[in-house]
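First chain A sits with chain B, and in the next complex the same chain sits with chain C.
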Partner chain A sequence: MPRILVCYKWVLDEQDIKINPGDLSLDSSKAKYKISDYDKNAIEEAMLLVESKEGSVDALTFGSDKVKQSLKDVLSRGPGKVDWIGDTAFEQADAFVTANVLAAAIRKNGSYDLILCGEGSSDSYSQQVAPRLAAILSIPAITFVQKISIDGSRIIATRKLGDCTEVVEVAGPAVLSVLPEINKPRIPSLKQVMAAAKKPSQEVKLADLQLGAEELQPKTITLSVKGYVMNRKNILYKEANQADNVAKLVASLAQEGMC
Partner chain B sequence: MSEEEKFDAIIIGAGPAGAACAYVLAKEGKNVILIERGATAGEKNVTGGRLYTYAMELVEPGLYKQAPMQRKVVREQIMMMSANSAITIDYGNYDFGTEIPQSFNVLRAPFDEWFAAQAEEQGAMLACGILVEDLIERDGKIIGVRAGDDEIYANVVIAADGVNSLIAQKAGLRDDISVHAVAVGAKEIIELPRNVIEDRFNLTGDEGAARMLVGGTDGVLGGGFMYTNSNSISLGVVLSPEDLARQGKKIHDILQDLKMHPAIYSLIKDGTTVEYGAHLVPEIGFSGIPKKLYRDGLVVVGDAAGMCMNTGTILRGIDLAIVSGVAAARAIIANEGASDVGAAYMQQLEQLQLLPTMRLYGKYHELLGNARMISTYPNMANEIMKMMFSVDGTLPKRIDKAMLGIVKKHVTFGQIVADGWKGFKATT
Partner chain C sequence: MSGIWIYSEDSMIAKELLTVGLALKVSMGKSVGVITLASEEQDAFIAAGADKVCILKGQNPWPESYAGAVADFLSKEQASVLLVGGTLRGKDLAAKVAAILKTGLVTDALTVGYVNNGIETTRLIYGGLAIRTEAVSLPAFVTVPPRTYTEAPAMAGRQGEIFTVEVDNTASGVSVSNVCPIIREGADISTASRVIGVGRGFSKKEDLAMAEKLAQAIGAEIGCTRGIAEDSHWLPSERYIGISGQKVKAELYLAAGISGQVQHVVGVRDSKIIVAIDTNEKAPIFAAADYGIVGDLYEVLPLLAEAIEKK
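And now, the complex of A and B:
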């Protein structure tokens, strides 16, 4: 009966973010929030594991003051309860701070056999929170996971590494970060949405986690966030003979170091 | 069959009708679920329109003051357009906006999300991202709804699922949508700085304008509208799909041409189109309301019930939707625990003056469906203005003769009498 915790991030939906053509700054004024895409896979995987084996799934998130909006969504995806930390410190937080906060909340609120995260968040995709969390909690980390099975206290995971896979086994507890191909997250049903309204959620105050100022000081400072525009060269070859066009194309590519 | 999850009411669709109904019921302590197919309320909505606050006052006095409104309408305008000219009637009344009668320009996406959240705060359960596929019927009575594999039950189901209401169809209250009963609307939201909008429309601060466009639709039956939002303009056309097909014209071409009309272009130039949407609008007023709006266990509200009207000077729909939602809620509250609330609902629609108002404007649709109203008369009016204001040094014609000449060019005497008679009949 594994006790599983899933961590998720409440992020701006990148589809709603526009790039201002002038200065390439981002306009997120009309953007809605969502559960980060791969975190949905982590939640789904936790549910699949307990649905076949029994056990329980809790959820945990650290976000801005808007994070409370996420509770209904996450609970309708299956977890039995959610702990949330909503604090303005999130605005500046990097993976270091996030991992410190999540680890402190985990230590405070309970022990788990397995902690699941998405491989990276839809916004910053630093892929660091899961391994950092494991390091702080002094338990194993397994990344790039595309398959999980639990056998007693043993966790067996298949990792996707470039052109090969690696099957690893650890004794829990451990932190695993999952890839999107591990499953297809469910669309919550009416009954699941209704059930979510009755499930418990608990706010955890950042101040109650007794973190030092240093642990809340981000290691990475974001200097700017800008849209990226690919400037095309717009070269047209207009020779009558196609062979000449091909020759020119190849010459150009060679000059660019492309072939 | 388990009935553990039995609600007092299941409301399908979190638009203004559904949210108003949920709000009033939840405030009364009823166990209500509001089901919305979009990921959030308002997500599926593309309407930029206006909301008359009298309707919100029926829901909860003063609530509208917290709503994400755009501008309060103090300038009512009617623009009669010809190919390269336009006459604008501009009625400014600065008492509008202080109390009822009062209206605001709204963008429905943020408004609906806000309104549904208000209902939730009153205790209604809001379930988004759920498509209700069918009604559950037992012994001729609607007892619940089905979504995917889930079934839930209620004393009364309220169909607030919009113009193309599948639920009303499933209940056998209306047929599949018929082409003459709806218009197709296309709209752009064009972003401009606040102060530019205020300058161009002669507004101060949060004041707004609402403009009906007559003509300017390339001879296709229908009309246009323009609303000022805080920092954008909603510009669109609402056209007869039947007439579009008959004339082989496309609605987006007509909207593009309208944007390029010199009298419109100067209002929107340098703006950025940030949204483009198209939607069906229940168009034919009172005659578009299904014969029956209820069954045992079900009532139909808002656009689903065809509650929309065009008076020629204003378009109304959002306020009627809210009123009908309130009417349904009041009928349920007055008949504690009953499933057959249809008669009480109809009575509320009468008492709240919704049906009487729609009856009053019942024949306007025929009047506005006359091709002469949307092209001949606007062209004629523009030509008369041109004649009166043109000075070229030649000897002008006597005004009465010149006017008669222009009128004769456009219509026959018989047509004027016929249209006048129809207009008289429609308004009396």
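And now, the complex of A and C:
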């Protein structure tokens, strides 16, 4: 009966972010938040593991004051409880700070057999938090996992590293980061959404985690963020007759010296 | 603090990193060393510009199990900079070493420089939508994607210090088995001059034959989106293009049935000409393209192959 913890990040949906053409700054005023894409796979995997083995799934997140909005979403995906830390420290947090905060929350709030993360977060995609978390907690990390099974206290995971795979077996507890191909996250049903409202969520105050100033001081400082602009010709052929479109495209490619 | 150090479990990538390491050596005035698990490469590293080579020798062949040993070594050396080859194994190790030493780590840096007594890097965020410039005070760790730099060339007659450090990396309770070697199939799309990208607009594997026919007609290699390789397994992993896959710098990139999410486009946007075929006129791929056809790839691809063959 494994006790599983899933760490998820509440991120801006990059599809809604616009680039201001003048100074290339980012405009996220219309952007909505979402659970980081691959964390949905981590949540789904936790649910699949307990559906076959019983056990429990908790969720944990560290975010800004906006992170409260995520609680219903995450609970409707199956976890029985969520712990959340909402603090302005998140705005400047790098992977060093994030892993320190998550590790402190885990030490304070529970013991787990398995801690699941996504392969990388959709916004910063630093792919650091899972292995850092394992190192801080002094437990094994198995990263880039495409298959997990649990046998008593043994965790058996298949990693995918480019086109190479390997099977890693450890005695839990351990931190695992999952690849998106591990499963297809379910869309929460209406019943699950309704049930989510009744599930417990617990706010954890950053101040209660007894972290030193040093551990909350980011090691990497953002100097600037600039949108990436593409200058393309954007010529579109959209006649109903595809033979015409193709002829025009071939003529254009010939002009470019491509055929 | 002293020393710039390089680590990769892949010696070819370690030599690429020497190119950055040697540039930092000039600006920082510090020596460059390579930490390696491959003793047979020791002289090649010295020839390529390393001042020192440290060979870590443990019992366990799993590269990830060297994280503790690398951390111990760096801490003894009081290293200022660690550059790590950004393979998945490298990123795993780098993050653990950074956590043990409580150090800042930048993943997948596009550029690495020495500015204001610290390391300044650029990297992509939001899937490739934006570039973030970051400052890391020393000691600073950075992972650099494979093939970002060319290998540092070998020079005749270089001398350097080579030493072996025996380490205990028998991580208790971890066992690794069924390690499958990397099998490379076909050409390397990252250096191909023409690439056709296939996406979820294809409804079954057999239909990729249409893309192959066009590829033959124009002399292109086939690449794909992540889902085609990792979910559907229609093509091998090294064929997928994007932020977490290959980067393509082609003369011509033609996307068929690809929506053009930024995580994919980031891998092709350095190409000279981009062409897109998609049924959805609003698909973001058209904003990233020079030429586009709004249409069904099942109709357009055969017509296009035929038209090009006729030319």
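As a convention for this text, the second predicted complex is superposed on the first by the 229 of 259 C-alpha atoms of A that agree within 3 Å, B and C clash if a C-alpha of one lies under 4 Å from a C-alpha of the other, contacts with A are read in each partner's own complex, and residues count from 1 in each chain.
One rule holds in what follows: contacts are C-beta pairs under 8 Å (C-beta built on N, C-alpha and C of every residue); 3 or more make two chains touch, one makes a residue touch a chain.
Small disclaimer: the values here were computed from a predicted structure and weren't measured.
By the touch criterion defined above, A:32 reaches chain B but does not reach chain C. Once the two complexes are laid over each other on the shared chain, residue contacts for A:189 go to chain B alone; chain C is not touched. In the superposed pair of complexes, A:86 makes contact with neither chain B nor chain C. Using the contact criterion defined above for the overlaid structures, shared-chain residue A:78 touches neither chain B nor chain C, since it reaches no partner.
Once the two structures are overlaid, the count of chain A residues touched is higher for C than for its counterpart among chain B and chain C. In the superposed model, A:63 makes contact with neither chain B nor chain C.
By the touch criterion defined above, A:180 lies against chain C but remains apart from chain B after alignment on the C-alpha atoms of chain A. Residue ranges of chain A in contact with chain C, taken from their complex: 12, 14-15, 17, 19, 26, 94-96, 99, 119-120, 122-136, 140-141, 143-144, 158, 160-171, 179-181, 214, 218-228, 230, 232-238, 242-243, 245-247, 249-250, 252-254, 256, 258-259. Across the interface of their complex, chain A is touched by residues 5, 33, 35, 39-40, 125, 127-130, 147-150, 152 of chain B. If you check the complex, the residues on chain C that touch chain A are 67, 87-89, 91-92, 94-96, 98-100, 102-108, 120, 124-137, 171, 173-184, 218, 226, 230-231, 236-238, 243-244, 251-252, 261-262, 265-266, 269, 273-275, 281, 286-296, 299-300, 303-304, 307-308, 311.
Looking at the complex, you find that chain A touches chain B at residues 32, 187-191, 193-194, 197.
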